[in-house]
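Reading through the structure tokens given below for one structure.
Chain lettering (A, B, C and D) follows the sequence in which the chains are written, and residue indices restart at 1 in each chain.
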Amino acid sequence: MSSDFKIRGVVPPVVVPQLDDGSIDHEAFERHLNRMIDAGIDGLFFLGSSGQVAFFDEETRLEVVREGMRINNGRVPVIAGCIDMQTDAVIAHARSMAELGVDAIVATAPFYAIPGPGVVARHFRAIHEAVDVPLFAYDIPVCVQTKLDWRLLAELGAEGTLAGVKDSSGDDVSFRFLIRENDRIGHPLTLLTGHEVVVDGAYLGGADGSVPGLANIAPEPYVEMWRAAEAGDWARVRELQDYLADLMLITQVTTGVGGYGAGVGAFKTALREMGVFSSNRMPEPVAELEGENVEAIRQVLATCDLL
Amino acid sequence: MSSDFKIRGVVPPVVVPQLDDGSIDHEAFERHLNRMIDAGIDGLFFLGSSGQVAFFDEETRLEVVREGMRINNGRVPVIAGCIDMQTDAVIAHARSMAELGVDAIVATAPFYAIPGPGVVARHFRAIHEAVDVPLFAYDIPVCVQTKLDWRLLAELGAEGTLAGVKDSSGDDVSFRFLIRENDRIGHPLTLLTGHEVVVDGAYLGGADGSVPGLANIAPEPYVEMWRAAEAGDWARVRELQDYLADLMLITQVTTGVGGYGAGVGAFKTALREMGVFSSNRMPEPVAELEGENVEAIRQVLATCDLL
Amino acid sequence: MSSDFKIRGVVPPVVVPQLDDGSIDHEAFERHLNRMIDAGIDGLFFLGSSGQVAFFDEETRLEVVREGMRINNGRVPVIAGCIDMQTDAVIAHARSMAELGVDAIVATAPFYAIPGPGVVARHFRAIHEAVDVPLFAYDIPVCVQTKLDWRLLAELGAEGTLAGVKDSSGDDVSFRFLIRENDRIGHPLTLLTGHEVVVDGAYLGGADGSVPGLANIAPEPYVEMWRAAEAGDWARVRELQDYLADLMLITQVTTGVGGYGAGVGAFKTALREMGVFSSNRMPEPVAELEGENVEAIRQVLATCDLL
Amino acid sequence: MSSDFKIRGVVPPVVVPQLDDGSIDHEAFERHLNRMIDAGIDGLFFLGSSGQVAFFDEETRLEVVREGMRINNGRVPVIAGCIDMQTDAVIAHARSMAELGVDAIVATAPFYAIPGPGVVARHFRAIHEAVDVPLFAYDIPVCVQTKLDWRLLAELGAEGTLAGVKDSSGDDVSFRFLIRENDRIGHPLTLLTGHEVVVDGAYLGGADGSVPGLANIAPEPYVEMWRAAEAGDWARVRELQDYLADLMLITQVTTGVGGYGAGVGAFKTALREMGVFSSNRMPEPVAELEGENVEAIRQVLATCDLL
């Protein structure tokens, strides 16, 4: 039952361009994916948090992944988020994604209804048993309120339920314990960090790769950082991470906004200003960034030589 | 644009019985609804948190409400939860519920993706504009992480976006401010409390009614409490609430469980022990209560003369 | 070992006036205490959260209580907060207060260093064993991060460790369970609510009294509300609570401030505008309310006929 | 106004040994400090969270630092925590520490009473103005509930209020932004990480050093790790961090305990088992680890060749 799927390196969680009417901007989507694949990324993660999964109905989810796979055309592995409140709905998404032929799927802990003891393990086991696709756990307590315990993750890896973990928990101590335990038990899990500002530390600590939202904007530095890490050139790793930390200030320089609109809103705005997207349109009911906030983002981009 | 729908009194959030294979137990469902309607409840709230909404796919949601409305047969008003992560999905649920002919719908703040300033208001306005059914806001931060501001709720009531609020926030101070403000602006909102243990205080403070999960088990005392409150017999109100607070200990006497499994799990177990449900089956991946936990619940039921 | 100290009714947590140089304003303090005692309050609670305990060194704590007791001159019972991070420091404060002759002391759960299982019980037992003064537990998770479990509180009451509880937890469900359990075990605990906006519900539910910060501003309505509750005149109770809820808007109408400065800051400002205090000076490093915020508070006071 | 005090490298937060009667174990304290200084540590941090500051009254705080400075005898710089609820008390501690001649002091955000906007800045400025000793901000939201904003910290560094930051926030993204901003403004702040399990990443990211509680147990690997980082030998840095992460499992292998008792309790137990401390006595009301928990810790120590 254990999975042989392995992935290493940079796997951007794909931000999805929309036209001003709210529909998906296929032209920009193709431009965007090709730009990242040409930069040398190692995989594509569709329908993560940055990938607007919470806002998409089933039909649009399928549209995003189907179109993404058509554009990708097998160049890199594809992972798809199957994010929903509880197990059955996750399984339904997972079956759709399996039919589309994705290489792996990603699921969070159950949310909305609060899981008690044992529920998280039963959840992941039920998904794994229902769908024959490698399963990643998505550790994102800021969205689902549950922190995944590193010991449970290792146990689920050892038994073949999980193929990997995407860590967006912000708890680097727990992530390090997980990396160590994963090594002790034969490395069943692929461990990816989602914290684009401290990827260098995660690589030094033994992460198998990263899922950096910021790689939508700057894929090449992330690719080069990974390669430098693989080569043991840590001075270069740090230099690139410093650059990328400075670029991440696009999410810190806005005012009067917050949450999803400030984070993904900054990514979309940057991509528009750089000419990759044609609009910074956000999904309803989130407003797009405007006026001085756009100006502030442009200044960060200029400082980073991206305009 | 404003709604004329008003409801007052006891509106239980309907717990849904399942057979041991996980499917809905139609026989028990009919017995359960009739028992509550016969007790004199003032409305039925399907697909709330206790109503397992997080675990049901669209098809099962429709099955629950369709079947519930068939059994109810117009005896009391019907409210249906339209709970999903973001606006579009909520609107899709709302349209289905409108087609089924429910009297009102209930929606939470957006969740999973964190709403920034202004997003909550846009969310409720978008739902209201899309669907011509009275809309209640469901204030349940423990599930969605966002507390609805009482000033915003009053504003959305005054403008006709909201017809009411179901308050499960646990913040009785905020709820009192809302009641006062609602009175000042002409009472556009129907204000219902979801805290079954302190309904008496909410009634004294001016609530229009309650949505007590515990009324699934003891509908008659809740009905009598509401009538006593309407009659100004506060000594009787308190007496009944004391009884119901003691009964609510079914959710406090279990060990080794937590979250949804401890709360709704206790309700289902009590209903089975009382012969209303045929099983205490919980939705996957939540386990049903067993062994000593069942025994502990039976003891509370016995103390309350419900066995 | 059990305490015979009982108190019932309204026990305001005394807000402390300061001169513009930051020292205690003895003249205003005397005026303030006499005004509340003349209004018929049932006790005085010095050095609570509203009583600026966090800002006072040992010397000033002693000054406040010594002076307060001199002014009070035995007219009503006196309770004193002994708030500090851990047990030994609490005990040291408690000994000082015992020497001053207070009728009871109040302590929170340990804070800063996070208590593990069993620590809270050991903490209260150690205080009780060290000092021969009736001990109240102060349940205030917003300040100390630990919610006191109602079962533990009842157990500590039954064994004679605790004489009472001041509940500022905001968790009225838990408070109701505590009231019921306290009744079942012979009412060893005096149970006071600190939520000035929903005191009516707490009285209806069986609370022994209240510790309302707002009673610093409007002692008479709180006294009258308690007496109406004792007389079973719940319509009058509610009417008074509604008035007081509207008055509490002084803490809700300010902008650009928050935390202690918005809450106690509003109390001090109101007391100055009403002529009880001569300054709304706050303890360093908290700034006093100014300008439009003062104006907004004046409007609330005017609406409530307090100007 | 700016400080010239700079420190780099490993600055353990000193765990304080107690005799079974609760008093400070001077013999063990001397052995403990000498062991760390002999290992090559770069400074000593007394009266941090691990240094039991929350449990010590003023007299004991003075005893710890006075005795620590006597033993140290000028071999390494000394930093002392001045932890208390609000500004005046912090200033009082700070004056005592200044008189003892410490090289720098450390203070948190105000706690218990919740700070509103502007309060944190006023707090640190007031301390700095009152005491002529370099001031570090201690960012420890888990204890004080307030996360220090990296922009504010940089501003306070630029103006000379702060000499440095001890980061125990767990928010490595914010810490990286702070490191970058500190570099941009001329490096006024000494930036130390308190996360002993991911010190390697913090060093790679540009931290000036670390304050690892675990260095009480294993000072030499931390010293060697710092020196390897200074030399750019990142493979060795990671190897040492991996070893130390495995050793940190002493805080993860216990059961039935939590909070301070599990964390510092494990440190004290390890030090006793290794013969550095004579007792694992904890400050009241925290219980020391016993039985199987001691055995579990011994197994971790054995795996790490420390028994």
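The rule is short, and it goes like this: a contact is a pair of C-beta atoms (placed from the backbone, for glycine too) under 8 Å apart; a residue touches a chain by one contact, two chains touch by 3 or more.
Just so we're clear, the structure is a prediction, and the values are computed from it rather than from any experiment.
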- Greatest separation from chain A - chain, by CA centre: C
- Length of the line joining the C-alpha centres of chain C and chain D, rounded to whole Å: 35
- Item | Inter-chain centre distance, chain B versus chain D - centres from mean C-alpha coordinates, in Å | 48
- Message: Please output the residue numbers of chain A that touch at least 2 other chains, ranges allowed.
- Response: none
- Item | Interchain contacts (touch definition) - all pairs | A-B, A-D, B-C, C-D
- Spell out the residues on chain D that touch chain C in their complex, using ranges where they run on. 49, 54-57, 83-89, 92, 110-119, 122-123, 125-126, 142-145, 256-262, 283-287
- Contact footprint of chain B on chain C as seen in their complex: 170-173, 176-177, 180, 195, 197-198, 200-202, 204-206, 232, 234-235, 237-238, 241-242, 245-246, 248-249, 252
